[in-house]
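Consider the two complexes below, in which chain A is the common component and chain B and chain C are the respective partners.
Take a look at the complex of A and B:
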């Protein structure tokens, strides 16, 4: 029974196919698609890094931190990436960012303008990492960054203050990208 | 449902503008001696010879918070081997620590000149210390040249 029904369906389809050129018509429509590309930015940083000190007693703790970013700024806009300590080191009693002992320097940026000199991290102000010009874009070259995402390395340094009690401490940094 | 979707999109958008990283550091015990210098003189008092010196130093240290400690040790090289050569010493410290002293002792190994307890700290520039020491004994028991003291510091 089921074989018979299947056979009938195939025959019907074949008949429709042979008739379709006769019934065909053509219709051309145009559709405009507009897209508005707004300024935008996105960045990626490691979820955690560990500062290490050298062999000499009380040498500073250091670590490199790569910042990867994608950004697009408008014709009249600019972009920036900043960093700030979300709060002080924890647990309390250890190093304190508000004493100025946590600093960083920026390696030369492959795209945009990197921060210059030594920047001091604290909990009250956003410190510069990269500034982006108008019409900035990442990836592909030809005015955009050659790599996608673009990147910059930060070299962090924590002074190994003798008065800090032994222990494990951590501080959370917030990186923010802003594009207009 | 629509409100939930809007909130979710807003959350994603906000997360795209900022990222967080945890910066961790392990602060371990540490110690060092700097600017170690010694001035010594030799004199004869009858049959006895005295070699007297002062060894000055700068020390920086941080000991473990709970179970830490540290020691400054003094060793003479070459140390007089004759058992009749006796050493007296007095340590003074400009900062935290326990200054030790000894009187007319035979020295066969490095001696402890100062100790430090747990969670001990000096200032960032260090603290000054000095060990005044005197070797005394028959002239035959002491070297003609003053033995050179060496200081070492251990911490945990």
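Take a look at the complex of A and C:
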């Protein structure tokens, strides 16, 4: 009985011995990894902000709006972020963007070149927010933006025209980032 | 076994390459700018001093004009507004505000004027506005035409008073 058991153990050991060379087999695979990083960008803006006016009568309505963005441009490319009114204020009868009543200025950009002067929003043209150079990238500094995402603050101003009837109005703005 | 390992490795790499452009698909973002426009008003008294003078020297009335510029926006439904003048009492044995001083107004094309309104030391309307009243962007010009009766009972002398104009809108 005991011999039989020993025999069985030997068989088991042999089986293990056959497996060992398989586990120790060495395989070298050379895999070429090619990744194409194309110019690209994305941005994030608050879903809504409220314009408020000061204590003085007929002082303008203002609000700050941060634009967060990530962008990558090519060696010979550039990038830009623009803004345009998707449509006019609603309901109708209130302020109209196409009268030049809604403007904004750009704070100094931490990355890229911010818009200069006062920009006027309308429904027909994309207005500049920030321009990005070639080889632009976000995060890490050393040629890229210091923060990821990068950001720029816009200060919006709606003229408090006395001819606007009392009421609550809203307008949608579309920001577009493009990179080449 | 070797074939399987290689396939898995290649599969993982393929996934990584696809993931890079997928993260950068968002090209636009939208935000809603909201604003609530309420009733407001402002007023500038164009003439810091108004001198009342007479053309009829024989107990004729003293007259003079104070010009105002106002901006107003009243609530579209149910709103109202007004410009009110509160006249301080004259000092000395001269004219009295309530008894001797009155005025008429011009509105600059908006609101309702007053005619021969007795001046008041507690305040009386110069112009009143209804709902949805909206002045010009640069403001509307209004005027207060003063009339002070020349009562022989007045002692000779110079008299002055301060008038406070208040504009309000709801």
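We adopt the following convention: the second predicted complex is superposed on the first by the 157 of 180 C-alpha atoms of A that agree within 3 Å, B and C clash if a C-alpha of one lies under 4 Å from a C-alpha of the other, contacts with A are read in each partner's own complex, and residues count from 1 in each chain.
The rule is short, and it goes like this: a contact is a pair of C-beta atoms (placed from the backbone, for glycine too) under 8 Å apart; a residue touches a chain by one contact, two chains touch by 3 or more.
Please read these numbers as outputs of a predicted model, since none were measured by experiment.
Taken together through their common chain A, the two structures put chain B and chain C in a clash. Of the two partner chains placed by superposition, chain B and chain C are both touched by A:178. Contacts of A:108 after superposition: neither chain B nor chain C is touched. Within the superposed three-chain model, A:29 lies in touch with chain C and out of touch with chain B [touch as defined at top].
By the touch criterion defined above, A:38 reaches chain C but does not reach chain B.
By the touch criterion stated above, A:55 is placed in contact with neither chain B nor chain C.
Judged by the touch definition given at the top, the superposed model places A:92 against neither chain B nor chain C.
Where the contact sets of chain A with chain B and with chain C meet, they give residues 40-51, 57-58, 61, 63, 65, 86, 94-95, 102, 156, 158, 160-178.
Residues of chain C touching chain A in their complex: 2, 5-6, 9-10, 13, 16-17, 20-21, 23-42, 71-76, 79, 132, 134-137, 139.
Taken together, the chain A residues at the contact with chain C in this complex read 27, 29, 31, 33-38, 40-51, 57-58, 61, 63, 65, 67, 70, 72, 86, 94-95, 102, 156, 158, 160-178. If you check the complex, the residues on chain B that touch chain A are 16-32, 60-65, 68, 119, 121-124.
Against chain B, the residues of chain A that register as touching in their complex are 40-51, 56-58, 61, 63, 65, 86, 89, 94-95, 102, 156, 158, 160-178.
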